[in-house]
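Same chain, two partners: chain A is paired with chain B first, then with chain C.
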Partner chain A sequence: MSGAYRHFPILMVTIPFFGAALLPFLAYLRRKAVPWASAFFLAISGGLGTFLVGKIPPGGHLSYPLGGWEPPYGIELRVDFSGYFLMMAVAGISLAAVIYSRRYIEKEVEGGRITAYYVLFLLMSASMMGFVITGDVFNLFVMMEILSISSYALVAVTGNRNAVRAAFKYLLMGAPSSIMVLLGVGLLYSVTGTLNMADLAARVGDTGYREVLIASYAILVLAFMVKAAVFPLHLWLPDAHSIAPSPISAMLSGLVVAVSAFAVARITFSVFTVHAWGLVGTTLEALAVAGAAAVLFGGIMAIYQKDFKMMIAYSTISHMGYVVLGITALNPEGITGAVYHILDHGIAKACLFMCAGNFIYRKGFRKIEQLKGAWREMPWTCFAFSLAAWSIIGLPPSAGFISKWYLVYGSVRAGKVPYAVVLLVGSILAAVYCFRVVYYMFFQPAKEGDWGERLSEAPASMSVPTWALSLATLFFGVFSYLFLDSLLKAAAQLL
Partner chain B sequence: MKRLVSLLFIGALALLLLYVVSKMPPMGEPTNPTMTHVVPRYLEKSEGEAHARNVVTGVIINYRGFDTLGEVTVIYCALAAVLAVLGREKRGRIRDYVELSGIPSSVIVRTMVALVVPFIVLFSLYVILHGEMSPGGGFQGGAVIGASMIIFTTVFGLHLSSVKVPLKVRAALEGSAVITFFLVGIAGILGGGNFLAYAWPRVSQSLQPALVTWLTVLVEVGIGLGGAMVFVSILFAMVREEGADEPLA
Partner chain C sequence: MPEGAVRSVMPLLPILFPWISLLAIAIFRRRALRLRLWLCFAGSALSFLAVIVLLPSVLDGKTYYFKLASIVEGLEISLYVDTLGYYFSLVLAFMWMLCTLYSISYIDHKQNRYFAFLAMCGSFLIGAAYSRNMFTYFIFYEMMTFGSYPLIIHEETAMARRAGYKYLVYAIGGDVLLFFAIITNYFWGGGNVNFDQWGLPTLAAASKAALLTIFSSYIAGFGVKAAIMPLHGWVPDAHPAAPSPASALLSGVILKAGAFGIMRVIFNLFGIDLMKELGVHWVVAVFACITIVLASVFALTQDNLKRRLAYSSIGQVSYIILGLTMVSRDGTLGGIMQLAHHALMKACLFLCAGVILVRTGKKNISDMKGVGYQLPVSMICFSVCALAMVGTPPSVGFITKWMLGSGAMEAGLPVYVVVLLVSSLLNAAYFLPIIYVAFFRWEGDEEGHHHPALDFNSERDPLMMVPVVILALLVVVVGIWVTVPGFPLSLASRVADLVFP
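Coming up: the complex of A and B.
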């Protein structure tokens, strides 16, 4: 393989790292330039990604041995289509969120911490890109560490008491799960002598250490379940995601938990592979039950929330259940549904949190009741919210419909009709909690003094990313055929 | 009751894990998978193909260099996390935080520290530069510099140490580990290889061992400086925070 593009995946990951390392000095020279520089580095990263369109062989992958050391001796990046797809999702949503951040963060975060905010933001997005394309389990752990540490800190960045408490709760659940990932990787290494995923896949089948493999798989899945906030390990999520500054809520809810769920897929399909499923079947079934419970629990809890951001956060728990159910269907349709759901849920959820951020920025409103009659003052935000909610519910022609279709189809094909029913019920729950807000926004009279008649939209640097994301939910619904074929092939190749 | 349940749960989990440990390959056997698959190549060939005089350094910096890039990013990330929670000291306001150490130190302590600190720093440079061929390296050396700054700050107070290591210097060098690593990686691409290739294919065979050695030293120095500055900045942020609750004299 030749051509400069093969270097692009690693550059996409490391350029934001490099940028993050430059920011403190840039802040010393010119503090105002920091947000622009951050957006610049993420834009380069995403721009390099667009050059890779069509370069990933369908059903195959782009292997990049770092330092030229062939795997398993060195670290390998293994960019298959689903990895690339998610990497671009991360790049796109991060870019929108970083542009959104500039005005919002000025208001919520005290000056001395703004640089740290952008440093952490860059590290968080880049580590997610590395996380989804790495072909090495220890490298997966390293990327997850960067991702986790930056997420904990970003929840606490506003510095108010509740935020610090929520971040600490997140840390208390996140840190043990990081150690569990390390333990699981260590166990795998002790019985195979390798860390490369493809090499592991070849070696787990015929190693004699059944118990160690089962334990390692269970530990890894449990650890990533904490990170992905799969019920009943979701306890940290509602507080952390609702109290964090809105662009960070968007990143955490839209991407961070979702790539952790994707890690479960990586471990299941790229490391343990179909040959080892005999060993880990029980864990997979337990995971599926947890996923189904998450769909229902998250949906029901979301209906009962009074706080707007809290409702969106519970909706995330519900949707992580969807992703898990797609993975545990163990067929190409289910996996495609899961990957596509990570994308469209990420876009729609980021958009919802940005809408919430717009309301908070202009009015400081956090309660759902306070949104009654909001459309008079902020019609654009309200419309963007409705579009994103459309996708969250999963109605055609939005992207949410496509992914839910595949998820249900995958469950039915796997002979797991009860799960398919759960998925549909989850959509009804989503409709209940989303339409309530839409109804309040458009069809309820405003409470005296809450909303006036004058238009007061959020500034353009916040509205434009919000709208871009809400339109993206439509785009990925209408033009889903561009991606689905390659995704199905990539998924089939995993099995 | 709650305690009893958690105790039972932890006990059961521990027993389960102990059972798994009993099924693991016995410790230190030469026939273990860990000993027979990847490791022999590192031990036998790293001198020839990676030009590493120290196998551990060869694996950390060269074979698995990207993991180390990730680890230095983790350290840098930890600093950013501390600054995000505690905030950095404001420029020019450091004078307000004078003498927060609270421990009045005697002439003997002051003299001793003033005498010893330069030697500690010298020793750390030795550790950093020798990482390429002996135990040690950037991480350890950087930690030693950080420790020397902690001693200095405890005895002489924050004001003096922030004069010695001003914000400008720290802001420039905090990321130096990530920056050097990244630039060495890019140099690998420009040299005709992959990201983080140390023996550039475009350079003649005879020069490659020296090239690898110097690039390794460069990376170690970057890690050492960056690590040291990260320690110092974290220290300053924490000392300042501690003082912020007390009335300033």
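Coming up: the complex of A and C.
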């Protein structure tokens, strides 16, 4: 067994891919088993991940040459602690969402598309896991394409008019951004002659082509800003995230945009590195301004929403601003805050969307107004919502507090106090839009006919993942000390 | 680990015992109401016991330490019982026990929600009192802040909802300021916000602008809780809206959590010397003086009894702030003692207001003619505490005012004595009419009817009367036997010795 764990990262990525290819055959034999099989593949993938605990040297990384081709010629997987951490987050949240999907999807998606749904779901999860650990920029592009295409399809999976329109809007913004990633990678390749991140990092410093590098960095950042829905390139997000089926909203909002934001960190710290910061300074400053604007814009828009899925979607825009501000603080604390925020925002946001899904599943409600007095019928969903909202606001002892602490501290340390203030204002805005819903659910009398007295909680296969995620926000707050040291070391190593 | 501290789980026990209440509520959700409520009381009583067994060793100068978690190097969530923290925990655990007892018969609907949040807030507050650093303090403080929201809106009337909304707005604003203060302090304090020393040595190296930012953010952040004007807006709404035992705790303890935070900032983070060097203590003192006088003036104009008491609390909590910012030993001592003394008096007053509300349904002072004959015991207790508030000896109120006055003279600022005297006068002006209306007016007094006979029948409920009587007795007893070990002076003077060695 010794040393076998070296292969686990690639297995974590390939097993769901393999599963996605198998599902259609399984559906042909036994359609009922498809959801279980998808959960099984993701569980195996996550289970393998747990064997890697403690295997990654502090501040270092595991390098895995794909197919035995030594880097920089072959594709390299480069698992550092932040990548591993996010990969596990992807595995965990995907597993929760896929379990949640079984009952929910039966209701929203017509029978023939169910298999397609799970195939796309597995492709999406697997590509995200590959995305965060790859050490090769072209591979990054490939994974991002798989991720994007499966996301477009999943938004449209219900096939109704609005969903197709939202997916098309998503595609209209997403496709050019994919091309831009390719362009950026091509420019990099043209001046350095390599695609491996570590190799690139060694070479970008001493090429003579400053302008090309500046352009390629700006193009890459712009492209990933679209994918991460950073203001003002967020236009596709509110529709896509609110109209998609709730487990897909959970995946899109919790993970897909967040790993795209992480890609900005990868490009900045693993490719351009400290030595080339002279090249990227202006772009980073512009990015920080966009991030700050996103925090405020998303928060304010969320307050004015009437549809609760729309509100949660706007909240995501605000929180992507947090992540961007953490990355642009350019110090270990800021990066740690950003990575931790990707995790805890992912968990909490997925949980919020699942709660929203529970309400839609039982009642078909989409308006915040209709949640008045909801706790009588669905107390557990309401409690889960409140716990997740607690983390979104960043109140102790939830995980959101820890990441907020590091994000604000990172900004203060970088001498960017205005951004620290923006982050704090963002958390006030979050408190406003979250507490309003919590207040409606628990402290307002129900409108006539909306909610009865009888308990009618969502089925167990939906409630359990919802609750697991809401408790996870607490777990990662209280036990944050288990991860923070390694994350700080990994972040310090990036710089 | 702080120097000389004993590693022990003792600080954890009073934090855990209140959770018995939650367990009881979870187990008997719909059955055995009485038993459930008594178990809630048992939780708070055990918590008080767990605090009081530490008294002898704390008086010996021992400190206890317990680490919950270490987030990263230098930043940990840990408990630390020093004299100041112990003093606050003693006051609050005692208040919590009495108010839980009182609540058993006072709260008549949604008991589960009320008692669950009551117990949780108690637990978090003790955690806050025992925090070793500002980070831990903030965590407990914030949970307590939001945990007390359901207590405020318990009645669910339109007024309570509005008060709750206002409370949240102020609380969130204050907490964000506090968060900012702690982060900047952590950064400029060299990754250290511990309460072990009397002033962070690293902080002295920071620039003056940075220090001013940190200090003012702290004062404003805690000032919301401690109701320093102009940040007091939520207090006069929240108190009348909340059920009486909850208002007793709001006034007696939760407002003090803000004042306690300011103590930690002044004593442990900045240190008296640095604050003096910074030269802003007098600005805070001026705000405190304005609050003391203005709050009393506002109190004069209120007809709603609990609203009048709320304004009185705003003024009285600023005594603490004034004492701390005098920068003299007696002033500090007076400020620290006021924390406990005011809790005793004001809790008793609010509980009496609760008795009046339950037995007669009267909220406004102008309707309370002859209430002293209907509820003689409560109104006598009320009068005792009201006179103590004015500063009549022998009572705790007198001791505080004496100490504060002596501190003002020691600091060479007799103007503070004038403020104290004006405030006493105003206190008399708004408390004495209540006593007058209760005992010297009655229905038909102008037609020459004789006053009604004393009626002891409506005060037979021991659950409500025992806390009221205990508190009123303590107001006098602590005011006479001031120096008994375990009474506020014994602990406060130890703290003052540490602050002014």
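Structure notes:
Just so we're on the same page, the second predicted complex is superposed on the first by the 493 of 495 C-alpha atoms of A that agree within 3 Å, B and C clash if a C-alpha of one lies under 4 Å from a C-alpha of the other, contacts with A are read in each partner's own complex, and residues count from 1 in each chain.
What we mean here is this: contacts are C-beta pairs under 8 Å (C-beta built on N, C-alpha and C of every residue); 3 or more make two chains touch, one makes a residue touch a chain.
Computed from a prediction, not measured in an experiment: that's the story for all the values here.
In the superposition on chain A, contact is made by A:427 with chain C only, not with chain B. In the superposition on chain A, A:88 makes contact with neither chain B nor chain C. Looking at the superposition, the partner that touches the larger set of chain A residues, chain B or chain C, turns out to be B. Of the two partner chains placed around the shared chain by superposition, chain C is the only one that A:401 touches, whereas chain B remains out of contact. When the two structures are aligned on the shared chain, A:481 is found in touch with chain C, with no touch to chain B. Looking at the shared chain after the overlay, A:265 reaches neither chain B nor chain C.
Residue contacts after overlaying the shared chain place A:237 against neither chain B nor chain C. Judged by the document's definition of touching, no chain A residue lies at the interface with chain B and also at the interface with chain C.
Those residues of chain B lying in contact with chain A across their complex are 16-17, 19-20, 23-25, 32-39, 41-42, 62-67, 69-71, 73-74, 76-78, 80-85, 87-90, 167-168, 170-172, 174-179, 182, 185, 188-189, 193-198. Those residues of chain A lying in contact with chain B across their complex are 7, 10-11, 14-15, 17-18, 20-25, 27-28, 64-69, 72-75, 110, 112-113, 115-117, 119-120, 123, 127, 130, 136, 138-139, 142-143, 145-146, 149-150, 152-154, 156-157, 159, 164, 167, 187, 189-195, 203, 207, 209-212, 215.
Chain contact summary for the complex, chain C toward chain A: residues 69-73, 138-139, 142-143, 146, 153, 156, 161, 164, 168, 172-173, 176, 179-180, 183-184, 186-187. On chain A, the positions that touch chain C within their shared complex are 395-397, 401-402, 404-405, 408-409, 412-413, 420-421, 424-425, 427-428, 431, 435, 443, 478-481, 484-485, 488.
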